[in-house]
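Look for subunit A in each of the two complexes below; its partner is subunit B in the first and subunit C in the second.
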Partner chain A sequence: MIHYLDQLLFAALPYAVMVVFLLGTIQRYRAQSFSYSSLSSQFLENRQHFWAMVPFHYGILTVLAGHLVAFLIPRQILWWNSKPARLYVLEVTALAFGIITLVSLGAVVLRRLTSAKVNVVTSKADWFLYLLLFVQILTGVYVAVFNPWGSSWFAASATPYLWSLIKLNPQIGYVAAMPLAVKLHIVNAFIVVGFFPFTRLVHILVVPNPYLWRRPQVVRWNRDPRRTGAIES
Partner chain B sequence: MSCREKRTRHGAAILTLFACFLLSSAGQAQEAANTFRQSCMSCHTIGGGKLVGPDLKGVEERRDREWLLGFIVNPSSVLASGDAYALKLKDEAGGVIMPTVVGMTRERAEAILDLIAGESQLEESQFAGLDIGDEPFSEADIERGRQIFRGDVRLANGGPPCLSCHTVEGLGGLGGGRLGPDLTKVYERLQGRKNLASWLLAPATQTMQPVYAKASITNEEILPLVAYLEDEAQIGTADTTTAQVIFLILGLAGAVLGFVAADSVWRGRLRAVRRPLVRGER
Partner chain C sequence: MDVRSQVSMVFHLDKCIGCHTCSIACKNIWTDRQGTEYMWWNNVETKPGTGYPTIWEDQERYKGGWEKGNGKLHLKSTSKARVVANIFHNPHMPSMDDYYEPWTYDYQTLFNAPEGNDQPVARPVSRVTGEYMEIEAGPNFDDDLGGSPIYAMNDPNLEGLNSEQREQLFAVERLVFFYFPRICNHCLNPSCVASCPSGALYKRGEDGIVLIDQKRCRAWRSCVAACPYKKTFYNWHTGKSEKCILCYPRLETGQAPACFHSCVGRIRYLGVLLYDAELIDEVASRPDDELVEAQRQMILDPFDVKVIAAARKNGIPDDVITHAQMSPVYQFVKVWKIALPPHIEYRTLPMLFYVPPMSPVMASRENDTISHLSTDLFHDIDESRVPMQFLANLFGAGHEGKLRYALYKQRAVRLYRRAITVGDIDVETAARALREANCSPEEADEIYRLTSLCTFEERFVIPPMHREEAIQMLEDPHGHRQSVGFGFTAGPRRGL
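Coming up: the complex of A and B.
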């Protein structure tokens, strides 16, 4: 029974979510291209927004980059980790960014709950996405603390598993006997991918990367308030 | 077409079929050898003596093939049926139950029994296991084993070091990984050198098997690892929670440092320019 469940979750689910991801993102772009946005609520409230969203994005992008590097160059990661001191530096750094991401996500959710204006524009899909992200980050931090050293065993086990999926020959033996938290982390990641096209996560596909290297723009604010009235910050 | 040409074509077809049969048999034999190496060798030898499980040399002289097939395909159900011989094997293995090999079928079990029968005829089977002897290990062996365990000396075939997933007491620093069990007392759990060496020769857990199937640990690495783990079992106690707590504290401290750094970098953001501007407008 468990064997069949593993087959379902680790050999069938990844392909099912990829189909949903591809068809869903294409269809949404064709039907509602202007909905490809983070639907930012910064305009409604920007103090809490800044202190929640900025650390969250630094945290999640660093952690995701770590996963990507271990997926792309596992041998080099194992080489780096061959000196325990270097392994410890990598793992402590990854854990710190994981905790930053978790705390920031908490701040994001708190803002959605406490700011009346932001609360109004929060959809059910948003709440479900926050739940998925919370499970994902919490299990990630849990695994980092209770099942270390993830950077090494990810490179040795998870990377060949993910490559086997890409090669259309799923080798679930790499992950089938992993601890429950690790399996939950993997399965939840697949669910996030499947849910991706129906949420504001689509903004990942339209990140305005040129902002990183374009020339700075000076925005002048010189209108006469006596004619237009005072403005709220 | 002449009779001679017909005969030549028939001959060629028969030869092709025969070659296919030989290739298929060779493929099955190779698969059985791989399966034995990966799934059986950590607990059994063929002619190398008892490990956790019995020596399988001439096993079909002790039990008939039908019983053996049933046991290999699903050991748990044979044990659950109350079979006296299976229960005796369990007792002799110190209560260890033979795991069900993932994907094991009757056909694959047949091929493994054929392999065991063939290897039993040889003077020394390739599956006789590793004989480390009873001589005391040197300090140099123990230190080299420690270095291999930690990863300072990398495994020759590129496998991840033990520290990735396992810890032992006295490792130093933040200790080893905790994906797999603490190995401080593994020497005692596996009941000695020979069993431990055989385990390392073909790690049989579901997580380790695929990783080390392509990156096996060599005999030259197994000896110092056994030396190190034997030494650890004598001096260590399996308690590594302190390292775990220190790791968590370091992670929390790093996160706090991150927030403090962010606050110092963005201290003036919104507060320094924009809000005073807005206030000035009022």
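Coming up: the complex of A and C.
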């Protein structure tokens, strides 16, 4: 029975959420590109916004970057961790950013609850997303504290598992024996990906990349077909 | 020479009576939706005063406009590196508290209240939360110097005035103020456009109107911080920024914008100007004291054959050139030189110009009778109640030269007309004043005519917008059946 549940959660679910993620984000961009942003509420509440948003984003970006690095270059991570002092540095840094993210997510939620104006622009999807993120970050911090040296065993077990998913040959043996908190962390991550297109998370996809190299002034021409829609100074 | 045309504006401050009709006309058409209640694309401020949003002219606080560093212009608010670092929290953005929380009243209570000992009262209700609220500020709470110790004393334009001048400004019986109506300036070097991380803001090539593409806007709000005039606004309901669109749907059908059309004092003029777009960067980088003149220089003479040829080469239609020749804005700004750009030191090259206000006529008092002696009637400009430095801070980047010229010319026109119509000023005095102001009697007549007797058609010389040649018109109309127009037609729905 347990085995079938593992099959479902670690072999079937990842593919299901990827399909939902891809179709959902594309369809939302086609049908509702108007709402492709995070609906900033800084205008309605400015002070708490700083103390909640800045640490949250820097925290979660660092943690995600850590996961990505361990996924891309596991050998180098294991080499780095071969000296205990270096292992401690990595683990403590990761835990610190995890805790920053957890605390500032609390600040984000508190802000939405206490500021009446911000509450007006908070939807049910937002609350659901906060619940998912809270579970995700809490289990992550829990694992970092109670199942230590994650930077090493992630590289040794989670990375091959994720690669097996990409190779369309899921090896659930890597994760089936993991502690419950780790499993919850993985499954919840899949759920976050699945709900990505239906929440404000889509704002991640519209980071302003052309800004950094476009010319300052934008002029659009209506009459001249050659110049229509062209971005030029 | 890269000739472009720009729909430009002149506001004649001497004629503004501060009635807010323009603001209401604009609000009724454009900003009566949820999320826009607090926006006043057109607002009228009392000067001295802090304005809307509060103390918007303090660029140390809001970091609007451009700055010159290492000889190159860059945005004061957001260098590109800092835009990335501050992407999660915009540090210089005004919040709703800097504008005001919009409200309505609980009118139903007046009808539905149960019988009691007290008269029922309609309490203010927030248009954001729907809860009862305490009103703390409004968009024009400092109207007519209301609450002056709090508001007018904090006007950033008082910088450079000594304490004696400041005291005089607010002394009883010398008290003075004027109105300062504001819309988007549709600048030639707009910092809002330059700041947008999504590239959603753009300037229309044909008429220079600055717009925000609602589909590309991703709620970064950089434009709100970057506009030194605080004329882009964030719609908290749709998560998009919005701004004055110069009523382009009206302009395209030959109508004046709503605020222009409704102006009671007939202070507003609209016309097309031709300018040399090649010079934008160079002019915007000039030293403060040269900016006004440099901007005038880049506005081209529409009668010059070389300019006309270059304009035709750039695809500007002949009838637009004809309208540029009839433009009242060209007269005020370039020919008579009595209209000045507001705060040109922000270096956005605004295309809305102001005729600076003359101070009120000073009466003299003898033995408890007030007499209007004609010798004193149009007093010396330097004795005016508004210190010259204050006006210079507003309209001359702190430098008095161009401002003094504009005021002297206006004064000369008044003396000249007084000599003709009333006759209590002798013709010699008037003629001398005209000579001193570098103004011929013919020019004085023209200024008088366009200031006092102007008809609707003389004030608004709207160029043909040639929408029939717009690129959308070349598309197959059948492709647009069942949709409303050519733009995007889905409602501004959020939900997620």
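What we mean here is this: the second predicted complex is superposed on the first by the 208 of 233 C-alpha atoms of A that agree within 3 Å, B and C clash if a C-alpha of one lies under 4 Å from a C-alpha of the other, contacts with A are read in each partner's own complex, and residues count from 1 in each chain.
Methods note: a contact is a pair of C-beta atoms (placed from the backbone, for glycine too) under 8 Å apart; a residue touches a chain by one contact, two chains touch by 3 or more.
For clarity, every value in this text was computed on a predicted model and none was experimentally measured.
Colleague: Under the stated touch criterion, which partner chain does A:R30 make contact with: subunit B (first), subunit C (second), both, or neither?
Modeller: Neither partner.
Colleague: For A:V54, select first, second, both or neither according to whether it touches subunit B, subunit C, the two together, or no partner.
Modeller: Both: A:V54 reaches subunit B and subunit C.
Colleague: Looking at A:R75, would you say it contacts subunit B, subunit C, both, or neither? Reply first, second, both or neither.
Modeller: So A:R75 only meets subunit B here.
Colleague: Contacts for A:V120 in the overlay, against subunit B (first) and subunit C (second): which applies, first, second, both or neither?
Modeller: A:V120 contacts subunit C only, not subunit B.
Colleague: Could you tell me if A:A85 is touching subunit B, subunit C, both of them or neither one (first, second, both, neither)?
Modeller: first
Colleague: Which partner does A:L212 reach: the first (subunit B), the second (subunit C), both, or neither?
Modeller: So A:L212 only meets subunit C here.
Colleague: Go through the superposed model and pick first if A:N46 touches only subunit B, second if only subunit C, both, or neither.
Modeller: So A:N46 meets both subunit B and subunit C here.
Colleague: Would you please give the residues of subunit A that touch subunit B in one complex and also touch subunit C in the other complex?
Modeller: 46, 50, 54, 58, 221, 225, 231
Colleague: Once bound in the complex, which stretches of subunit A touch subunit C?
Modeller: Those in contact with subunit C are residues 28, 32-46, 49-50, 53-54, 56-58, 116-117, 119-121, 123, 125, 198-200, 202-203, 206-208, 210-212, 214, 216-225, 227-228, 231.
Colleague: Which positions of subunit A touch subunit B when the two form their complex?
Modeller: Per the touch definition, subunit A meets subunit B at residues 3, 46-47, 50, 54-55, 58-59, 75, 78-79, 81-85, 87-88, 91-93, 95-100, 103, 144-150, 152-153, 155-157, 160, 171, 173-174, 176-179, 182, 221, 225, 230-233.
Colleague: Flag every residue of subunit C that touches subunit A in the complex, lowest number first.
Modeller: Interface residues on subunit C, with respect to subunit A: 80, 83-84, 87-91, 93, 95-97, 101, 128-131, 189-190, 193-194, 196-199, 201-206, 214-215, 217-221, 224, 234, 236-240, 280, 315, 466-467, 469-472, 474, 488, 490, 492-496.
Colleague: For subunit B, which residues are in contact with subunit A within the complex?
Modeller: 102, 150-152, 154, 158-161, 163-165, 172-174, 176-179, 205-207, 209-211, 244, 247-248, 250-255, 257-259, 262, 266, 269-270, 274-275, 277-279, 281-282
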